[in-house]
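Just so it is clear, A, B, C and D label the chains in written order, and each chain counts residues from 1 on its own.
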Amino acid sequence: MIGFTSADLLGLLPALLLVLAGMAVLLLEVFQRASFPRTHLAYVTALAALLAAGVSYLIAPAEPQTLWGGMVRFDALGCVITAFTAVACAITALGSTRYLEQLEIDRGEYYALLLFATAGMSVMVSANDFIVLFLGLEMGAVAMYALTAYQRRSNLSSEAGFKYFLLGALGSALLVYGVAFLTGLTGSTGYDQIGAALRAPDAARHFANPTGVVPFLPLPLVGMALVFVAFLIKMAAAPFHMWAPDAYSGAPTPTTGFLSGAGKIAGVAALFRLFAGPFATPELSGGVAGWTTIAFFAALASIVVGNLVALTQKRVRRMLAWSSVAHAGYLLLALCALGVQEAAAGSIRAVILYGAAYSVATAGAFVVLGAFGRDQAEVDTLDELSGLGRKHPAMGLALSLFLISAAGLPPAAGFVAKLSLFSTAFAAGEGSAIPASFAEMLQWLAVGGLVLSVAGGLAYLRVIAHLYGRDAHVRVDYRPHTATTLAVGLAAFLTLWMGLLPGRVLVWGDNVAKQLLTAPAVAAAPSEPAPAAPADAGPSAPPSEALKAIEVVPLPNAELPR
Amino acid sequence: MSASMPWLTLIVFSPLAGALLLAFVPSEHKEAHRMVGGFFALLSLLFFLPVAAGFDASQAGLQFTTAAENAAWIPSIGARYHLGIDGLSLWLVGLTTVLGVVAAMAGVTSIQTASRTYYAGLLTLLTAVLGALCSVDLLLFALFWELMLLPLALLVGSWGDRQRVAAATKLFVVTLVCSMPMMAAIFYLWVKGGSTSFDLADIAATAQGLPVGVQQALFLAFCLAFFVKLPIPPLHTWLPEAHAQTSTAGSFVLGAIVFQAGTYGLVRFAMPLFPDAVYWAAPAIGILSVIAIVYGAIIAVTQRDMKKMIAFSSVSHLGFITLGLFAINQVGVTGALVQSLAHSVTAGALFLLAGVLIDRYESRSVDDYGGLAAKMPVFALLFVFLIMAYAGVPGLIGFVGEFLVLAATAGSWAFSLNPGNAHFGSLPTGPDTTALILASLAGLRVVVGAIYLLGLTKRLMLGSITGSRFSKATDVTWAEAAPLLPLVLLSLWVGLQPGFFTSRMDASVKGLLSGLAEHATLAKETAETMAGQQSDVESWNRDGRSPEAWPLQRKQAAANGEAPAAEGSAAQPGAAHQGGHP
Amino acid sequence: MNTVATGLLAPLLLLPLAGAALNGAVGRFLPKPLSAAIGLVPIAVSFVLALVAALQLHGLGGAEAYGAAALTQDLGEWLNVGPLVANWALHFDAVTAVMALVITGVGFLIHLYSVGYMHDDEGFAKYFAYLNLFVAAMLSLVLADNLILLFLGWEGVGLVSWLLIGFWYKDAEKVDAANKAFIANRVGDLALMLGVFLLFGLAGTVHVGELREWVSHLSPAQITAGGTLLTTSTMLLFIGCTGKSAQIPLYVWLPDAMAGPTPVSALIHAATMVTAGIYLMVRLNFLFVLTPVTLAVVAVIGLATAIMAGTIGLMQNDIKKVLAYSTISQLGFMFLAVGVAAPAAAMFHLVTHAFFKALLFLGSGSVIHALSGEQDIRRMGGLGKVLPSTSKTFLIGCLAIAGFPLTAGFFSKDEILWSIMNNQQVLGGPALSSVLFPLALFAAFLTALYMFRLYFVVFAGEQRLTDEAKSHLHESPAVMTGPLWVLAILSLVAGFAGLPHFTGLPNLFHHFIAPVIAPTEALVRSVYSHDSGAIWGCVGAGTVAGLSGMGLAFVLWGRGGERPARLAASWPRLHALVLNKYYIDELYEFTFGKALRIKSRVYDLFVDNLVIDTVAVGGAGWLSTFSGQLIGRLQNGNLQRYLTIAFIGLAIVLFLIARGGVTP
Amino acid sequence: MSLTLEHYLLLSAALFTIGAVGLVTRRNVIVLFMCVEIMLNAANLALIAFSRFHLVADGQMFAFTVMAVAAAEAGIGLAIMVNIFRHKKSLLVDDLNVFKN
């Protein structure tokens, strides 16, 4: 436990790089002359982020390793997600500089905050212990609160930041409370220990109902549910999404892309680690009342709400915010499938691809939106976008591409990603582990989700139609900048590449799935018939024993020391 | 066969190359856009020529697939870059390349603003349509299929009347919504097959192993996507408005090019994947098609907006495609494919003709015109010629498709409401009452079509000249007539020599039908158990008259050196007669 | 089958086509004589070719079986899809020969006449292009060796008919007439097509020769079992024929078709195109003899048409409309002949009718030409002295059509009358014949009556011309009267080609086409009971009917006066009914016009716009937008509401877990 | 009566509920923030109780971490609130209403 090796450091190298770069940026900001162009900081940030992405790609281990005394898992999932978020960070950083200049808020801490947020996400997905998870989550979240409220002069930005902050804090509280219940199993906060306890032969006692009359909430389930809800808040899934449209409308435009794209997939990845690890037990995932059910209903609500409301929006960023709710729903659909052994690998792969496609496209889209505008005014309504595609073909084309990707249409990345994602639902429906009726519901949800996605697609099309439709809006122009061009170019390239040749990303996804599902703690679980046993063991255990098992034990020291 | 060159890839992607090139042409160089657009569309046509020349008509399977065109695309999910062409798709591809050139020419007069957008959109759309028409891999097909939507919406929504954006939006939404169940069905089949392959053959094997109920549901999902493209009522509602609102070139693209993908989807995917469902659904689809035919024609009668009239007429005309396909016999499928070509050529031409007037006089209402023949004799000649081609006058393209489909319908057993009548051979199998009724009703288009087409001719061309603005009307210019000439030539060529086209379809059509007959296990069982329950008329057909009596069969038998009494089914591949022959 | 391949047929067909193409392409740049030559020469050559082919065919004759002699020429593949094979193949047998000679022969005369008639028209070259195109289409109809190629010609003549009726397209009424003709024809075409499909379904071929062969292999049991289907198919074919040949119920287009130039009416709407239905039924007589029900229907419809058209013709005041109804009436006679299993008589009447009706039309054209376009007979009269050639030839035509003894019409019409009685066994006994015969006599009487009414009103009595007509009054030039005289002579003598059998004299015509109609002949022979007494009775009755018609016409109109008007006044309702053509046009206008338009509006506005577009599609869109707005309204910016909803969500999650639990 | 684990958990639950109810009912944004802090501390209490129950230090470590992080959160949160007050001259939650759908 005590002391660490170079291997430990290597595992967190990308996160360390990001943090160090963030500090360096802060120092540069402090010691530079006032006339020093902040653009350079953007390049430094982007370079550092890309370096971190490259490093995490290079150091990705062939076999999952556990570092830092079991608190950090060093595996493909962490590396891949770190790489994605870092790339999104680089795109955002490059795309922000011109925006910040125009709004006269270009200061170095902006880039530092971006880097810290990325580092936090990296830590969060690598966590193998709830303490580390919480640390990573908060590191990212606090930085994002600050970024959201970054335009201090703006009424909107502050309010957006506060709403995000309060809901985020609520999420943190729920998370900690949920972790408390899970810790109650063994006293440990480690994923492996909790998983082992839930998988132990006597695990049934944690779930038994002592009275059989009063609705009783088994502690591990409640803990799981609270943790899940905390993450649903973070990733803005319905009905916990309410902060998102406001926050996205108020935050600095390029930041929004990062927040909604990278933030979302980091959260989902952390969930995947939990649900493929400690929570991968039949009692918790359960067909009727486990996290698959929660995920199902949250997915349903998100898809319906997100798509339908997005359709009615007149403001572009708000529309994107609502449709990001729908995207959260799609990701949750894949999470449902994770609960089914046959579909698990496919769902992980799909989420990796979808996450990559979505984070890049969203970041790109918001960068382009941020690049439009004049003086201090930003593009907000659809009308203001009118004719910009004609006037600035490259930017218009790029924005169209990102929106096409988000709509799941070819040739952009979103098409294959959506395909993979929805097919996992069908695969799950074929699985044996969940009740047939639920499987059918899942398949219909996928069909319904596809149909409803047209509503979202229409919302995107409307933007494209405005881009090319009418005469140019007088008030709006494009603010060209090399950094912006680079950011958009990078995002566009990635979107097209993943759209036409998604094979490489899918291979990463396969790798992630393999490592996640064959992790030592989990490996035994699904392959042996044993996990099914506790459910069977429940009824066979006499009630008296069940009662005894959860008998209230007095604390060893009855009175707490004062 | 010169399989060394990846001709199909060249056909599919040369338009896209042009679209990319256009990105580097400054937006004010209208001429350059036209040149690039026309050149790359023509390039695609030129690449088609070796395919047409080297096509092996005796082969039923896919051809021109080089190693590079059957390669792994996304290996981890088993998607392949797999292109191929056979008799079913050969002419659809060929015609699309021709129509691409025509559309490029049409843009010269019709598109005056933002020509770069037009040509880029057109070329992208061409790649999407051609890609869909050549795809054998379902994921690749889905990709091209969805890729069609945006350029199409762009082409429809960018030029035309005030409501064009609304019309384009409706088009986009309705088609996208209806294609989503197909996407779901593709994913489902892929998953069912072990998530390893999207290739047609593998997916087909998976599909045919599913319970019949599931097959039927999946089949309907596929049909929904293709029917909305064709379109079959009540899925047609996007069409008239889109045509009315958009520009001439947009109408042409919409009316002549895009629906071909629907035809192709049916023959390449929907039908071979679910043979049992095909037989199950054939009567209903037959009735639906006839409703489309009659309904569209009747509505067209009172349309004052000439583009809407042609649009509703298209609904009617396109009903013949599904009617022919689901007659499930050689004449029908061939006829449906020819009808697909015919509709492209003739309806496309009519949209161009209407466009000449609309672009000049800015009115779509037929009431604003009259007596133009006196001032525009060449135009009137073209107009009457193409109207007649469209109305199905023999010797021109429109006749071939319509006639074959009607013949196939009248002689089809597939529409029989008594499943015992299902017949698994080729034509002729004798008349079925339902089929006769369907053929008669579908034939009403011949009459009603004449009513509105001649009415249109009269109101536009004939009678006395109305309005002073026509008194100085001049005849068509070369730029206006140029896009029409290839269509006129095609109308004549296909009309006078349809055998040139159909002979290259024969083997593939037979392959499709024998595949259907072979794999429709449930339909066959039902037919056998119900074979006893027939009316007198039907049993006369089945028992009283043996196929050997058919003169043609005897001629063929004699040519093969067989005794005339040889089993008649020998001349009918895949035939499975239930009744006893004397 | 004794068929001989020949190279004659293709040029026969293609020469007029080439003429049409040439005149259509460059005609308007050429001087009129050259255009006329381009129009005339191909027809003349075609006529010669047809004559050569006919003689060649005659040389091959001898065998009694059907199709024993035919010339064929295969020009290559057209349609070849599975069992459906139709080549560009021509077939020239006796019936074809007759038709081809009539088409090219009468056609040539009418072309010649047109040179004079159309001389001042600006569309001179176009006119000859259309006319040649018509001849080509008509020839392909009669030369086709399969039903699909026949259908090509069938539709082709309809198309050219449309072009020619609407030749003066600046007049909207003429265009309407053209459209009406095309549409009515299309109704028939549809039936014809369905009949062909049904035949194809039954026999597996559309080749006429193969069909005949198939029929010959059918056993009586099979014919009995398939009676319904065979009857259906022949009925459909028959309906197709009623369209083209202007019979009940599809005759309405023909009177309106008179809007075209008069020579066109003569060629297309009297001599050739309208006889296509008769030709088809004769060609397929081997099928019709299998279905006595259809035959009876054909006979009844034919006779009903003859009578109805005759009565209407009696009341018409437009010279061409009278002739049009006369044509319908005469075609009815031909149908009657087919119906009573006398195809030879039908063909014979077809030929003679082609002569005298072409003559009458051309004569009326001459009158109209002389009167500067006047067509109303009430403003004519007394023209006999002014237009000597025209009036004389017109009289000959009237005599021929009325069946005056020893004219062409006398022989052909009496053969039909006689066949009604003679073939009564084919009609299932004497019952039907005994009804048909007197009515046929009445029709013959009507024919004479309305024709001579026309003659007397136009040529006799005093002149009632308008001043304008008077000013240009002149006899037509020789290029127009020449054809009149040729046709007049033919109308007088052509009858002798078909002398009745019972006279013992050779019936050349019958003998010539006998091989083609052998199946019918065989049927007739099988049930024939010879009764020569009845024959002379028939002939006598027919002659008396014709003569009494003439007589009555003379009484009523020969000397002018008020008698016809008084007669009309005494039967006001009947008069109005007939004068308004039994309101059939109004009925059609309602079903194909008003009712269809109403239906169209209902489909368009109610079904399409309201139900599908507004309610279904729009409703789905509205629903999604509305629900989107509804959900969006929750988002009012109030943080506390967000928190509340989040807690509600949390409560639902906990409830889900509590409800399910994991405990058994 | 001795205090058992249950008592601590009940107290923790009560605190958590108080925080939650406060979040829904109170109008002042600072109070709202305090409510969230109460919830966090309720969770901390449960953590520590379990930690003590199992005699494993993890929970207590977590609690300390939470406290530290909460301080950071408070820092950013209060900064935002100050900013809001500067714009609105009000800290009532009902005045945070610039965003409407």
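As a working rule, a contact is a pair of C-beta atoms (placed from the backbone, for glycine too) under 8 Å apart; a residue touches a chain by one contact, two chains touch by 3 or more.
Note that the structure is a prediction, hence the values are computed from the model and not measured.
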Centre-most chain [mean C-alpha coordinates]: B
Interface with the most contact pairs, given as the two chains involved: B-C
Between subunit A and subunit B, centroid-to-centroid distance (C-alpha), Å: 45
Rounded Å distance between subunit C and subunit D, as computed from the means of their C-alpha atoms: 96
Centre distance in Å when subunit A and subunit D are each reduced to the mean of their C-alpha atoms: 24
Inter-centroid spacing, subunit C versus subunit B (mean Cα positions, whole Å): 35
Sites on subunit B at which at least two other chains make contact: 173
Multi-partner residues of subunit D (each touching 2 or more other chains): 23, 29, 32, 96, 98-99, 101
Per-residue multi-chain contacts in subunit C, two or more chains: 632, 634-635, 637, 639, 643
Chain-chain contacts as defined at top: A-B, A-C, A-D, B-C, C-D
Contacting residues of subunit C [partner subunit A, same complex]: 624-625, 627-629, 631-632, 634-635, 637, 639, 641-643, 645-646, 648-650, 652-654, 656-664
Of subunit D, residues touching subunit C in the complex: 20, 23-24, 27, 29, 32, 93-94, 96-101
Contacting residues of subunit C [partner subunit D, same complex]: 632-640, 643-644, 647
Touching residues on subunit B, where the partner in the complex is subunit A: 23, 27, 72-77, 114, 117, 139, 142-144, 146-147, 149-150, 153-154, 157-158, 165, 168-169, 172-173, 176-177, 180-181, 183-184, 186-188, 190-192, 195
Residues on subunit A engaged by subunit B in the complex (per definition of touch): 346, 349, 390, 393, 397, 400, 404, 409-411, 415-416, 419-420, 422-423, 426-427, 430, 443, 446-447, 450-451, 453-454, 457-458, 461-462, 464-465, 468-469, 501-503, 506-507, 509-510
